[in-house]
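Shared between the two complexes below is subunit A, which pairs with subunit B and subunit C, respectively.
Up next, the complex of A and B:
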């Protein structure tokens, strides 16, 4: 008896899955080459001693880069600078962008204009923005003149770039100015996705405007708020160009010596690629841990 | 048939010649005066050496070190390059540059090469008995004085200029104009952020050292360091408010004589730049040069250190490129007089220093007198980090008004950690 082997049949589901892979493959390849490989490479290098200029192969030194870093006061100061900047920037960034988004959405006219005006700093590269702010914050620049005018004083140098406290505030100001519009737009999109029917129902039940905002809008906006807070935290921890340009312009390094600046100087100035990789991996792990904590907290919140 | 053959032969000859040509790529920093000179020299060199093509690429001086590092890290460095020795020294110790081919460069032998330059000027590029670069420029800084600013403040620049650091503070104070706390005219501006250049000699004048003779001790000589740190604390906004690194760099302003800067530090190349920027600002009338001040209680007569920009050749370039590169560099060194006259950079050859051109150049005597008292700049592989540590220390006293004794402890710890190779 001759049996005919039937051809394997490709189901619709399999075909769809195959096409799915075809579409996803470019993105996967992109991330594999430009994200995962560098991360993997950095993990490997962080256990080696390697000079950028040396043609010799990296020397395996185990955990020494990590123990060196953990025993260095400079490294802990970098974390202090990063922490102060992140808290000082991310918290106001979330609150202000939420307030601005609410304000813009509540307006019937000029919504587009306010969105564009707020968003425009986000399209300016960080380096250019920092360079412009350097001119404004110069002792003879507009910042001193404006603050003195508002306060009715003359000739006071507020030392925007010179005193440790003011230089921290200056970097926060520059970052807030640059990113506020971006997060406001995200909140506007989030507010737009809340169904009107829910609000209408609450109004019919006699809710005041504040009650509507507190008990309807804010809870429904939680996914957007979580997204914005995680993005803001990660972006703030990765801040670099403002601090770099400010220190190049003579601002004291210690108060704004964020981890990314340390990574840059360790790799580019000191040529120590292994040590810089270890710093990058620690930063990555901390950012990852913070993102996980934020997710969990937002899930457990009532 | 014949009419088709001739153009074909010509085409093949041209193609063959082009194929046989060696291209050398030369990366250097932007300097308009030098660009026009080197473009002409390249044209002349290529005419005399049809087998060599030189491609000159310029980048901003403050970005060159980073670009170079990235290129070399990817094994795509240029055939020829120059930077300051603090940035170049790591290329020598990491075997990324080739020893000088004295014969190809036209010196005949290493002995002749050493004899051609002033004593010790090649020391920073000598490593394990080999010479790794030829000087594009050897520079020492002194003090440039705007005589008009002195006159405006009621001082006579020829008699009232400062000779000590104590006088420098007093004179700078007299020249400074403020609108409240905000300085609108500075008396003197240190050359921030090049702290190895001006802080180290100030300490050495008092008997201190950046790194001790044992090679493991940092910031040697407490009294010397405390005196210098206290001086900068008094200089800063919490003291007599005479200036800070957050103000615009003085050397970018000085040439324009806008009554905003009295004195600043620079090298001989500044003279050519003043001539370009402001031809009416004349030496002896508008500006003059004075020696680097000394402390009243100085124990050593030390001026600002000299540093070099050296032409180096990539060790990964093939033999033909290396040979062509040294021939080209050798050709450039034969025009040391033009480099000095047109660009104001001193290649420190014995022949140039003995020449009329050099002797007749404004204030060459001041520069040479200071050069005789100068040490070479600190140029170990960790030099950029040492500079950063000095910057942190000076900013801590000058901008943050911190106690010099505390700052000295931090500085010493940082230097010693660096010397041990720790972060």
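Up next, the complex of A and C:
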């Protein structure tokens, strides 16, 4: 009796579980082939010497790709370029988007207009952004004209795309311009989720607008701020288009030779797949460490 | 956000008696508050103005001959509409009129990717939430972990896989690596968590098959979220430069970003054609954005939703 009764129940559950597998299987197969297998493959390849062009099978060379990288000035330079770009972009990005979100939220009118206007560069393809900025930053372009106007000078070329320092600043400008709206909107969502009652209470107690912001809003916004900072950091470390297109247009490569660009040139121009794989694995490990930090921090945050 | 805003304004006005000094929400009263309010407007207007400059410049300059674009000072009001840039943009640097082909390629690739991503992500999301099986939690974690793998770190390994399959320089090679995204699975799973089980159980009792339930009950009710995912995915692919750069060799397979790049060569100096093709490449995205701006602006909530 008991077995006969529970039997159909088990089959229903099993049937449902089987269907669950069927629904998830395409996704699982996709990630297995296009995420996990390539990484596994790259780990293997990073211990080999393999050229794109040659038909010879990869030659096992142990840790040599890694030791070569750690001893190569170019490798460290590309991490320096990525580091400078990431810090130089993420910090102003977080501060500016927080400021703009705060200002937009405190407006009684035009909130939507401001959000849309700030977000609009994000929908423009990165290639288009780079093309337009190449013209703006041209020696004869608007950037020179306006900066000279503000500084009260005439005819000075700030070498936006020529001097090593300026070309770094230029890539940062392009990226800031493109991503500002996105992070502003995340901050606006974060500000919207702070219960008004808390602020009202402080206001009744006689807190000024600044005190309210400094001691109530900012602490309650901390989870969003942490999230935005880490998202911005990870995004900046992935930057590729701007740097690639600027070097294509003749800007000096050295100062903006970020890690992703280094991987691309190693694989495509130098045909060294093993070395490029080793670079990818190192980038992956660094990003993964950052993701773990992100997970930890977002858990700790109240 | 806008709603809570209005609420805040009302609340502020109601409380604004006695010792309360108003705050940012209510109409400013003291001169400090008026000043702060005015400064806020000034900063916002300057910021928005600066952000819009490159876009406005792009559209104005696309109607100007190259020498006018590069003339100092730049004239924000061109004296005539110069349409030759667009002709050259469509004709292409090589004179092969590959512009329509590039548009077609981009629409094909971005469209296919958007469709498969939405389909497979909804399937997986449904399986993970409503057809729970032993190990579904681990499967979700596995998929979620790939969200931490940025594309740039797997592009070379992926390139090796795609070349091994003999798919370089082909449409499948452009599309297959993006058939699905971890973000898509994540988004659909989160949205399906709140899908009413009663609806599914009721149709099960009515004898509907699992596939029938999915397509007749789940999909019609999830269409708004699926549309958001489709638009975001399409936009992301339209913007994709690095992957086509790796796999495409023949000019006929160039997607829009590659087509724009062909105008950015160091040696060619046709600024007019370059800015015109840039404008043409961004118009579809701007149109989608302006008509669906509500979705885009709300899309950011996805990221903060998990934080609450």
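Everything below uses one rule, namely that the second predicted complex is superposed on the first by the 257 of 302 C-alpha atoms of A that agree within 3 Å, B and C clash if a C-alpha of one lies under 4 Å from a C-alpha of the other, contacts with A are read in each partner's own complex, and residues count from 1 in each chain.
Here is the rule we go by: contacts are C-beta pairs under 8 Å (C-beta built on N, C-alpha and C of every residue); 3 or more make two chains touch, one makes a residue touch a chain.
Bear in mind the structure is a predicted one, so any value in this text is a computation, not a measurement.
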*asked:* Applying the document's definition of touch, where does A:75 land relative to subunit B and subunit C: first, second, both, or neither?
replied: first
*asked:* Taking the superposition on A as described, I'd like to know which of subunit B and subunit C A:270 touches: first, second, both or neither.
replied: first
*Could you tell me if A:17 is touching subunit B, subunit C, both of them or neither one (first, second, both, neither)?*
second
_Output check: A:252 vs subunit B and subunit C. Expected answer is one of first, second, both, neither. What do you get?_
first
*State whether A:116 touches subunit B only (first), subunit C only (second), both chains, or neither.*
second
*For A:138, is the partner it touches subunit B (first), subunit C (second), both, or none of the two (neither)?*
both
*asked:* Once chain A of both complexes is superposed, is A:156 in touch with subunit B (first), subunit C (second), both, or neither?
replied: first
*Examine A:103 and indicate which partner it touches, taking first as subunit B and second as subunit C; both and neither are also allowed.*
second
_Which chain, subunit B or subunit C, ends up touching more residues of subunit A in the combined arrangement?_
C
_With the touch criterion stated at the top, can you tell me which subunit A residues are shared between the subunit B interface and the subunit C interface?_
52, 138, 140, 248-250, 268
_Looking at the complex, which residues from subunit C come into contact with subunit A?_
1-2, 4-5, 7-9, 11-12, 15, 19-25, 33, 36, 40-41, 43-44, 47-48, 51-55, 57-58, 61, 69-74, 120-121, 123-124, 126-128, 131-134, 136, 139, 142-143, 146, 148-161, 163, 176-177, 179-180, 182, 185, 210, 214, 235, 238-239, 241-242, 245-246, 256-257, 260-261, 263-266, 271, 274-275, 277-279, 281-282, 285-286, 288-290, 293, 296-297, 300-301, 303-304, 307-308
*Complex contact set, residues of subunit A against subunit B*: 51-55, 68-69, 72, 74-75, 138-140, 144, 154-157, 159, 161-164, 248-254, 265-266, 268-272, 275
_Touch list for subunit B against partner subunit A, complex_ = 62, 66, 69, 72-73, 90-91, 94-96, 178-184, 192-193, 237, 244-248, 381-382, 384-385, 388, 391-392, 395-396, 399-400, 414, 417, 422-423
_Applying the document's contact rule, which stretches of subunit A touch subunit C when the two form their complex?_
16-24, 26-28, 30-31, 33-39, 41-42, 45, 52, 96, 99-100, 103-108, 111-112, 114-121, 123-136, 138, 140-142, 145, 177, 180-182, 185-186, 188-193, 196, 199-200, 203-204, 206, 208-209, 212-213, 223-224, 227, 231, 234, 237-238, 240-241, 244-245, 248-250, 260, 263-264, 267-268, 273, 276-277, 280-281, 283-284, 287-288, 291, 298, 301
